[in-house]
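So that we are looking at the same thing, I have put the structure below in structure tokens.
Should a chain be cited, it is by its letter among A, B, C and D, assigned in written order, with residues numbered from 1 in that chain.
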Amino acid sequence: MSHPDFKFLPQLRKNLFVIVFGTDTRAGKLFDIVLLWAIVLSVLSVMLESVREIREAYADLFFISEWFFTILFTIEYSLRIFITAEPKKYAFSFFGIIDLLATLPTYLTLFVAGGSYLIVIRSIRLLRIFRILKLGRYLREASVLSNALAASRHKILVFLGAVFTLAMIMGTLMYMIEGGESGFTSIPRSIYWAIVTITTVGYGDIAPQTILGQAVASMLMLMGYAIIAVPTGIVTTEIAQAEKNRKKKESAAKRECIACGKIGHAKDAIFCKNCAAKL
Amino acid sequence: MSHPDFKFLPQLRKNLFVIVFGTDTRAGKLFDIVLLWAIVLSVLSVMLESVREIREAYADLFFISEWFFTILFTIEYSLRIFITAEPKKYAFSFFGIIDLLATLPTYLTLFVAGGSYLIVIRSIRLLRIFRILKLGRYLREASVLSNALAASRHKILVFLGAVFTLAMIMGTLMYMIEGGESGFTSIPRSIYWAIVTITTVGYGDIAPQTILGQAVASMLMLMGYAIIAVPTGIVTTEIAQAEKNRKKKESAAKRECIACGKIGHAKDAIFCKNCAAKL
Amino acid sequence: MSHPDFKFLPQLRKNLFVIVFGTDTRAGKLFDIVLLWAIVLSVLSVMLESVREIREAYADLFFISEWFFTILFTIEYSLRIFITAEPKKYAFSFFGIIDLLATLPTYLTLFVAGGSYLIVIRSIRLLRIFRILKLGRYLREASVLSNALAASRHKILVFLGAVFTLAMIMGTLMYMIEGGESGFTSIPRSIYWAIVTITTVGYGDIAPQTILGQAVASMLMLMGYAIIAVPTGIVTTEIAQAEKNRKKKESAAKRECIACGKIGHAKDAIFCKNCAAKL
Amino acid sequence: MSHPDFKFLPQLRKNLFVIVFGTDTRAGKLFDIVLLWAIVLSVLSVMLESVREIREAYADLFFISEWFFTILFTIEYSLRIFITAEPKKYAFSFFGIIDLLATLPTYLTLFVAGGSYLIVIRSIRLLRIFRILKLGRYLREASVLSNALAASRHKILVFLGAVFTLAMIMGTLMYMIEGGESGFTSIPRSIYWAIVTITTVGYGDIAPQTILGQAVASMLMLMGYAIIAVPTGIVTTEIAQAEKNRKKKESAAKRECIACGKIGHAKDAIFCKNCAAKL
């Protein structure tokens, strides 16, 4: 996030902005690290609260910590809204929405029971860690990965559609074969079983008992085994492509012919391939 | 599907054809969307009917919906046969056969009990969705995938044959080792277990109990772990190849020498590699 | 197998050789197909015999079929030894040994009980199917696969060694954490569990119950998840390499300069890159 | 390890060094093989001791073998410290630390119960096997693998972070949906389930029972199925890159221009691309 225009803002807001949104200064880094620990602790507290023995032993502690962190994050959110030059832009950005959602669940518990588990949304805020670590390197990697996934999203969708159709047909088939025994009590359940099998998860809560059912299941497994190769092949090809493009871009940017300005010369080239001038 | 020759057809048939088979006009698109929803609802209805509690509560509703959709699809199928210029070609095309099979099961239930589950074949009709979305892009991706799978089908067959032989031998071995205990009650069952294990599905309904059996199973797992790499490698190589060919074709089609007409020049080429004319 | 020198052999042996070892003539093909069906039936018979209900119902049938096929295969084996010009070479070849092992188990049952299951070795003989289908294409694919596996065997061994060491350490750790509960009753059993987990088979016959155990198991799973990428990467790279080499060889073999004899010219080359003569 | 400067050392130390650290001489090889067997036997002995029936039957034997091997390895460790020219460098090297840790646990049992299982650390010493086998080839492969993993560590970390966040959110969601039934008794347990599912291990000790829970689980499985492609794609790309670099380096090192000394010429090049001299 680039520094907004602070010409008409008081000095305090300016200083706070550097601390809250920036990561370059000592204070800005410290703020982010303290914030991260607060997020970790609040998420951990929600998780531990769900374990009955722990909840019963430390009920008060959990109540206090929940409200403490919620008020802390509410203050932080208000601060961000106050000091940024474009409150709307922040409020509707990815992190702006997450920051808001991270505070609401506790207030919700005043009206609705059970809403407190939504606090786990806070864990998404942990992605801020990549900003603190100055994660040029990580961000570049993440962008290579997300580009590769984005480029292959059409293929992945076609593939998932095919897998789901296969699961629907095989699930119905198994429902007819096993006839309600050994867990195949309905078609939706059998489709669930088929997905569990194709993806090689294999819980075993539903498993065929008849010879025919086991034969069909074996076939489905072998198909799943061959099919799993497809998304891998897709993503591998895209990652290899993305990696290649990035490298080509990086290396091409380095060598430029002074005579004609053409870039993209091989590493050991001596003459420009475009105008024959010495590089 | 290209427009057939309508010279000698009445105007009604012509208009219907554009609506039923086409997707370019507003009416054609609406028809396809309504059809898709009908398919989704009819498939959902069959699935929910298989859940006993729901079936018992809404028996009448399911009976009505089943016949409603069946008659609807019968009308649609007749319409398609009637308006197309080449009824035979449609009737024996992939979608023609599926469209017919999607209506038959309900009529079958008049004579045979239990046939209604075959209605799930209707779900294959959902593949029409790709036509509505104007899926030039999806179709191209699907063709890249299916070409890659077709190109690697010999290797995949050799591989599956090897895996099945391995499962047969290891299954028999485990039957001899475990001796009927812990689920290894027959060789076919033990082969089923071996396939469950090699494909890393691992239900756990059959699991070795003796030390020797667990040692052999561990070996089989490690083999399966290394083996799973093979289909992935095959398909990845083919997809990379298919992707490369498509790109080469696309880019090659773009650069053509005006002098000799040769296409397929490198991006940074200045002279035609065939006749040395300036590109 | 090339035709051996038959100059000094009687005509009968010569004719039989063409039928038994060859696949080009009508009789040779028929012989192989009959043989394959005999193998399939004999293997199926052994498998079905292991299912108790079937064994008890058709005990006589199984006894007869077992001896029938065994005597048949014994005759076939003797025939092969008799008619080949180099009996020793055949007897110690891969298929020679398998052919012998496929007949022995039944004779063994005269002296030792339970040996009959070894008959499953016969299933390896089914690999002959590739010879009948004239499987130039399949054999080439199989050789690409086996070359790729052979080229990567050192890497795979290093990898399996690392995985086994990891399983040993994690298994012992889990034995110490879970303390004999929930199936972790001994270190070998815990190592078995670790292998079941790393390979993502996950039977569930042994599963951690303590929080700490589940945390360590989660870590092991994520490691296994990342690790499975390694053999895939190895084999994919090798298959891509093998495929590339085969294609290069094939295409290079096609274009040869008449002037200097150099092969390996690009598809669209017009002049020899070695001596500038027109191709 | 290169031979240290032995000018001022007595002959005995010199000879021992060749035997203990070297693998080129007959004695050195024998020493390493005996050592490896001792390690294998000691590790096996610890493992078997953990099986209750065996422990109770051979308690004395295990006690003796444990102390025998511990004293043996203590002597070996002292010897290594004594004869090496740089004791500090060895003591803090990877194998130096492992060698020490391999002897300590038994002494620890004099003071603390249960420490003896740490002996399994000895199994890491088995990695020495690669030194005996003169494993130039294996070491090169291992370095290709570890380079590829090192190069992709940032991507893998980003990926594991994303998977863990996904597991946290889906685990909490499932805890809310299943409501303590069928094993989802707390959020940490549900996260454990989510990891078991995403990684396709699928024990089945915890499995969703409600329709909604199964639907969400199916979605998670399909995501896990698509996601598993990512680390594979990353590592495959890196291995392919590492392999390519190695080959380029090897082949480039072979062809050198005599005139200008430039290396890295293509296989079929006739003239130096740098100075046009004939190669």
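Heads up, the rule we're going with is that contacts are C-beta pairs under 8 Å (C-beta built on N, C-alpha and C of every residue); 3 or more make two chains touch, one makes a residue touch a chain.
Quick caveat: nothing in here was measured; it's all calculated off a predicted structure.
At the interface between subunit A and subunit B, under half of the residue numbers appear on both sides, which makes the contact a different-residue one. Simply put, subunit B must spin 90° to overlay its Cα atoms on subunit C, rounded in steps of 5.
A separation of 29 Å divides the Cα centre of subunit C from that of subunit D. Centroids built from CA atoms put subunit C at 41 Å from subunit A.
Each of the following residues of subunit C touches two or more other chains: 159, 188, 191, 200-204, 228, 232, 234, 236-237, 240. Contacts between chains leave no pair untouched here, as each chain touches all the others.
Those residues of subunit D that touch subunit C in the complex are listed here as 43, 46-48, 50-52, 114, 117, 120-121, 123-124, 126-127, 130, 137-138, 141-142, 144-145, 148-149, 156, 159-160, 163-164, 188-189, 191-192, 195-196, 198-205, 228, 231-232, 234-240, 243, 268, 270. Residue ranges on subunit B touching subunit D, taken from their complex, read 200-204, 232, 236.
Remark: subunit D residues 154-155, 157-159, 165, 168-169, 172, 175-176, 185-188, 191, 197, 200-204, 207, 211, 214-215, 217-218, 221-222, 224-226, 228-230, 232-234, 236-237, 240-241, 262, 264, 273-274 touch subunit A in the complex.
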